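All remarks here apply to the structure that follows.
In order of appearance the chains are A, B, C and D, and numbering begins at 1 in each one.
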């Protein structure tokens, strides 16, 4: 029996608490990815960020990712928590924590999960600058290209 | 300027607090490895563990590993903390946290650091069972073999 | 038949709407439904769009049913 | 010349010592020093040993100096 969880919350994230929640009795290592708000993106200063989600679909997609991760990697428990709303610089936006009997699988699964979350889970980030704001569309050129290959992107 | 730290302590480790201490302003991701006491090793129940270190040498080796990691990977800050003394089941024995502008480097450096720490830093683990206790010599067959290749193991 | 259409982030800003109701002919496919939505909100065409039907990514070939929940959004940027 | 020899974990248990003082001839090399230590504590020979001189791993060829800190221990198992 795994002890996975996936959540979306407007509250601040406690990385240590999330990592602890997935510790099973027979595992030796947890790997945790902690993503947070950068102050500078390409030299431009971000004042704060706003995250918005299509919540029921985002939770479904997170659940699918965890299910796929269990098939791909020998892991025990997974925790994925994404924060929504307004985030200050340095605040944690996402935590992904994976416990496994062998650390190699925990590293691989954690890295795979953050890559896929950024590609498939319907959550959007708005960067707010001193002189304007911008919804970020896609994680990066590369990951957008991968998204296009798998989903149909309707480019009219 | 990096903001690294490496410590050996007899106090319980707070994973989230350690991960937070290395967050720099211009980085986007921290990867954290959290190792803890397993209840069962090859079916035998561990009651608790005792960690002992050659402290000044362990700190030197930790410092060298961090220096090497900065040369090998594009990372910003590293935190390594190892606990000593008696640890109960489920308690964290080691935390390695790496912050980097790109998460790939953080994953790679964190995995490299735990592998090297287990191979080179003079810390030993004693497993205490209901019917006896055992100092563990080397991390595993594989990693022992690697240790032998690099250091001279005096097998008399 | 009537369906609900949701917008998020950039698409909510472009349309000025977060949720609308749209009437569609029977046997409308997902790509046809999207084309109708784009006719109402031509500025959406400036974005690369993803489209979901009942909280699942759509490839365009799905038949839309009465009461379905559609969603139109840009490439995701969580994490 | 005199040197300090430290033991940890399994080697401390085998020798019943955590720190001893050993007298060595001048120009003794690390591997010769280790051989002398093993003569005192033959049961150490049952382990694969690592050897450090002044808190650095030794390969055996180092010359030991008066006042050096030697350490004899088994393959490490932290983490």
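A few points about this structure:
Assume contacts are C-beta pairs under 8 Å (C-beta built on N, C-alpha and C of every residue); 3 or more make two chains touch, one makes a residue touch a chain.
Values in this document were obtained by computation on a predicted structure and should not be read as measured data.
When the partners of chain B are compared with those of chain D, no chain appears in both lists.
When each chain is reduced to the average of its Cα atoms, D sits farthest from chain A.
Once the centre of each chain is set as its mean CA position, chain A and chain D turn out to be 49 Å apart.
Between chain A and chain C the centroid-to-centroid distance comes to 24 Å (mean Cα coordinates, whole Å). Touching two or more other chains at once is no residue of chain D.
Annotation for chain A: residues 35, 114 touch two or more other chains.
Remark: the chains found to touch one another pair up as A-B, A-C, B-D.
Residues of chain C that touch chain A in their complex: 6, 8-10, 13, 31, 34, 38, 44-45, 47-52, 55-60, 71, 73-79. Residues 14-17, 19-20, 23, 25-36, 38-40, 89-90, 103-104, 107, 110-111, 114 of chain B touch chain A in their complex. Residues of chain B touching chain D in their complex: 35, 51-54, 56-58, 60, 82, 93-94, 114, 117-126, 135-139, 144, 147-148, 151-156.
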